[in-house]
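See the structures that follow.
Presented sequentially are two complexes of chain A, the first with chain B as partner and the second with chain C.
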Partner chain A sequence: MKSQSEEKKYMPELPEKEVEELRKNITATSQRVVAENIEKMKKTDPHRPEGMKYFDEIANFSMREKEIREAKQKGKKVIGYTCLFAPIELILAADAIPVRVNSGWYDASKLGDRIVPVEVCPVVRSTIGAKMIALSPYLELSDALISVLTCDGMTKLGEILSDYKPVWAMSIPRVKDSAQSTRLWIEEIKAVKGQIEALTGNKIKSKQLKSAIERTQKATKAFRRLQELRKGPPVIMGRDAMLVNQTYMWDDIDRWTEKTEALCDELEKRASKKDWACPPDTPRVLVTGTPMIWPDNWKVPTLVEEANPQGVLVADELCSGERLLYDPVGVDEWSMSDMLNAIAERYLMASTCPCFTSKDGNEDRINWLLNKIKEWNIQGVIYYVVRGCMLYAMEYTRVKKVLDRMSIPVYYLDTEYTREDVGQMKTRVEAFLEMLSARIDI
Partner chain B sequence: MITAGLDLGTQSVKAVVLKDGEVVGRGKAFSGFDPAKAAEQALADALKEANLSMGDVEHVTATGSGMDMASNANSTVSMMGADAKAGVHIFPNTRTIIDVGAEEARAVKCDDNGIMMDFVVNERCAAGAGAFIEAMARALEVKLEDMGPLSLKAERASSINASCVIFGESDVVSLIHKQESKPEIARAIFEAMADRVSSMVHRLGVNPDVVLVGGVAKDVGFVTALKKKLGVDVLIPDTPDYSGALGAALVAVKRVKKV
Partner chain C sequence: MTMEFLGEFLKVTVLAGLALAGILVILIWKKGLATRVTYLRFLVQVVAMVAVFYMFTYPIWQLVLMIVILVLPLFLGRVFCGWICPFALYMDAITLIRKAAKVRYRLLPDKLNKSLHNLRYVLLLVFLLLPFVLVLLDPPGSLDLATLLALRLGGPFEPWRVVVGPIIPLVVPWVGPLAIGEIYFSYPYVQEVILYSQVVFNELAVNIIAVVFVALTFVGSFFVRRVWCRFCPTGSSIAVVNRFKGFKWAPLLHLDKDEEKCTKCGICKRVCPVQVTEVYEQKGGKINTSMCMLCTRCVEMCPYEDCLKVKFGGKTVFKSRNWLEPSTIE
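Let's look at the complex of A and B:
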């Protein structure tokens, strides 16, 4: 008889044969989708930057999987995370590899339905499904997971995944602008630092932490350069920029920074030749809402940029997008306690996740959106929500009110982890873009 | 100038032919498995009524969920864009157009020029659309066209949940088992639908004049329930089912002028 600790809390034991077959089928679909998405991106921008080749390769999972597997054989540890509040500077400082493990596979969400009801957010159901059949290389390679208790779905996801791996839950305060919240969060950061040190056997010293912070600061700098370039006429399609952004979640950080800088060099040359990725009067769209994760959940950006009339994504407010990278860790003095405080602040204060509220509600998100709209000259906003994503769905009402006052068109696009509703979504996206074009026409 | 509009809906294709801004012909065909063929048929019927031939038409614009399948169209326009154009053309003071078709309900807000400013579409279930009435009519063993007049006979309404066609149907079955009267159940069906549609319109803002188009605008039961829920008068054109096609034909006029 199994002892209680060996019993799984949530997950069923699936027959090995079934697991094998499902993994084979969904992996084949995934490879096809990756290739299709990249083909479509190439087609949209016939002069697609050469620098994208590198990111296409990383997007294909297998190359990076192989690298991480080899690093593990040499004794490196891999630490996965489900929300972007996981302090990756601490992971890097302990010489471990950070990877984000949320699943973007549509078919895996159907497997998740065996464990939790369909009302649950599909990002969560799909991640559960991916674990059931060992689909995600990054989740499989993780030695431990950091689960930040943001929304309800993510809170229970960590608990479910603890059937397989050590999961370190981090309690995030929902009211971020108070002294007691800051204290709690700093304690959580220190606790997770202890967990990382215990797992890796590497004590995090000031020198290593400083170097790790500098590495993420460089990545942020490269990313901000890319975002600056997107303020002008479209020099890169939104999907390409999004792919660059997403690969950061699992790529080697220093190489990623180097390749992003190289891409920016190329884009600057392109801009000087006025060789735009699409006509400069194409309606400029910002997308906000539920995270969109490669490779399957690429339908919204694809619909926007392949639509008739066409749109171009020039900015986003997504935790799978700009929010990952836009804000640097700001350190005054390089002492251990200062650095830990700076890390805590960067993850808590800079985030515009709707899990937060305060006396003005999630005012930071509103201000961030308004700033983006102004600086990036946004003509329309697509507010994207998957069913079961309660917090984004509820905050829409407030965002809509603010944007209506500013006469910025916003469209609420609700969907699921499925390919079947693309036809219906296309109708809506095209009507929205037609509306933006008509306004520009006036 | 002669233009035509095609509305390739989920159940039927509608065609409208315009001569100098006036409707001179209409045609309708079931979408079936070959919407492109249905579009040809509908347009041929409309041209026949107008005593014109295909060669006379300068520009054809298609709309509707099947618009990309119309091989005889020169351009397309979204259903919401077509709704706005047609609404303002018929009733110049229109600011809100509600379109309830077989599978979809939507509402469009527009400015003085019939340019769409905002829109909402019902969630994925067809519970707020015509297919819901059809399913419920089957459950009640009543002809579709009798549902509306039947509902007006009721002094009160039963209560059903219209968040889903399937659940709605099982609600109706339990009402039948409770031996509630057919008129009361019919009225409950329209009120539940009107509830869904009016909450959708409220998300956009109810700006008069409010116009109702789409096939379901012909159902007196739904219209009565919607007026009650919205608390404002609802204007309905003579041929609300041809509104999408009319909007497309008007867009075609604009496209000819642009060229």
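Let's look at the complex of A and C:
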């Protein structure tokens, strides 16, 4: 007889043998997919920047897994998070390792179907599935999870995962720009700070927090430098830049910054030699919508950049992409309270997640898109939505209206966590890109 | 003898101060900190205070200063308040003390802040009308009204001084309210406070009132950034003009916001020393609020390239940029 506390609220008891078999199969697939994706990226851009080597390495989960395991043995704690609203600065300040635990494995989403209905967003289902068979090393290694209650799926995901490890829920206000929202969110940030301190045993003092903020600012700076480089003719393929961006979710932040700066140095040299990754008249595409997570959910960028005619991704509005790093924490005074305020405001107010509304109804997202389109000279937008992602799907109409007014073609791509529709999607993406290149010719 | 020596001493000090400021400029320039507006502002404020001290040694300069204060804002907005005013320098210095003491600043509620903004007109009116009211209270007697009015305006009550009030430096070249040895000390508005309270109270009470006034402003600006700027009557001239539609063209110098580049991250609202919310709330374009002192702290801190700009007659003077250079932000 199991005690009440040990009994799992959601998760089924799977036979050990089945779990083992599934894990073996899916891990093998995952390894294959990682290698395949990197191979494809190398093929698209035969003279890929040297700096990408490091990111290819870190993209393979095992390397970082080993590092984290070693750090854990030395007593470091690992704190996972599901949405990017989790205050990474606080985790870093407590000398813990932040990792994002959302799953991008297609096969795992089918396992998630056993617990939640298929209508639920596949990102959530896949994360549940990954947990069932202990697939994601970061999810397994994390000592606690910060679950930010953004959309419905994420809210319940935290609850489901609490079957395994402590989950700290942070309720994020849905109205972004009111005084009472900010008050609530600051309280949440303070509460989670206390929890992080209790778990790690390290008190977060203003000195550590300042240095943590500076570290993330440096990362943002490096990332923004990469983004600036993408404004001109394509000096790096979109997938490569996206991979750089994705690895931030689990890599060591200082090393990541260093390697990204090195990559930017190299790209700058290439740009001065007019050594482009693909012809400069390639249609420039922006992708927005549901997060795309390495390794499996890489099909849309792959399709765009391998299509004939080819397209190139130069910017995105994804919470697995630019939004991770675009906004810095701006501190006015380096006192504890002001730093906490700055962190709270950066995560709440600067975000363009459609889970929010505000006085003007999430106009920030529209502005973000307009700015990207003008500054990055975007010729077409792919609006990517996975089935079940209500919030992004619902905002499509508004985005389309604005983009139509600017006569920027937008293509609504709805899909699932599956490989089966790649062939059919390829036709559609190619038709869209053909239309874009026809427009450029005119 | 002592007076002469003191005069020479003061001159040397002032010259040394200016030289130091020059060296500081070169240092800041070399370190690539020239873009750090906060440093630059402190420097301008220090130099301006020295200049104001010299101006006050000659009455005619007071007049020039007054004209500058009254006319310049029509075209430059409240740049005077943000960059030159010595009282603002005291308050910024007190802010530095507070920062060193690691005390958190307090925010005034937005509503109170807005009504304080309107209080400046009331203060201005009271100061300007008081001498006339005193004439009415004090029967003319043998003197005719015109003579008495002239006496009142020229005499101890100088209503126009309300405008120069905050510019009075700590050390004054005339007989100030407080003397230590041969050096006279003053404080913005303290002379006015003493003069006006003398009408009603005896000397002891007047002294107490003066001390209380100084203490209040000190404590106020310790906890609230730039507390006096929120209702300072000097800042009203541009504000008055800005209220009328026909004068919207007048400010040559103003803030400009690009709505599309703004992500509403709220940094501009948080760093503003007088809690101006318009920069955050307004949907792009010219920022027309007369609460803004053009200290450009928000432009300095805004992390989005080109989002906030300071424009002078249509030309961009200074703009927000990707400022992420850790450790040098403050």
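We take it that the second predicted complex is superposed on the first by the 442 of 442 C-alpha atoms of A that agree within 3 Å, B and C clash if a C-alpha of one lies under 4 Å from a C-alpha of the other, contacts with A are read in each partner's own complex, and residues count from 1 in each chain.
Operating definition for what follows: a residue touches a chain if its C-beta (ideal position, glycine included) is under 8 Å from a C-beta of that chain, and two chains touch if they have at least 3 such contacts.
Here the structure is a predicted model, which is why all the values come from computation and not from measurement.
When both complexes are superposed on chain A, chain B and chain C end up sitting side by side without clashing. Applying the stated contact rule after C-alpha superposition, one finds that A:349 touches chain C and leaves chain B untouched.
After overlaying the two complexes on the shared chain, residue contacts for A:368 are found with chain C alone; chain B is out of touch.
In the superposed model, A:14 lies in contact with neither chain B nor chain C. In the superposition on chain A, the chain among chain B and chain C reaching more residues of chain A is C. Taking the Cα centre of chain A as vertex, the centres of chain B and chain C in the superposed model span 120°, given to the nearest 10. By the touch criterion defined above, A:331 lies against chain C but remains apart from chain B after alignment on the C-alpha atoms of chain A. When the two structures are aligned on the shared chain, A:424 is found in touch with chain B, with no touch to chain C.
Of the two partner chains placed around the shared chain by superposition, chain B is the only one that A:414 touches, whereas chain C remains out of contact. Our summary of the superposed model lists a minimum C-alpha distance of 25 Å between chain B and chain C. No residue of chain A contacts both chain B in one complex and chain C in the other. Only residues 99, 102-105, 259-267, 270-271, 283, 301, 303, 322, 324-327, 329-330 of chain C touch chain A when the two sit together in their complex.
Those residues of chain B whose C-beta lies close enough to touch chain A in the complex are 65, 76-81, 115-121, 123-124. Within the complex formed with chain C, the residues of chain A that make contact are 176-177, 182, 206, 214-215, 217-218, 220-221, 224, 228, 326-328, 330-335, 337-338, 341-342, 345-346, 349-350, 352, 358, 360, 364, 367-368, 370-371, 374. Across the complex, chain B is touched by residues 308, 409, 411-412, 414, 421, 423-424, 427-428, 430-432, 434-435, 438-439, 442 of chain A.
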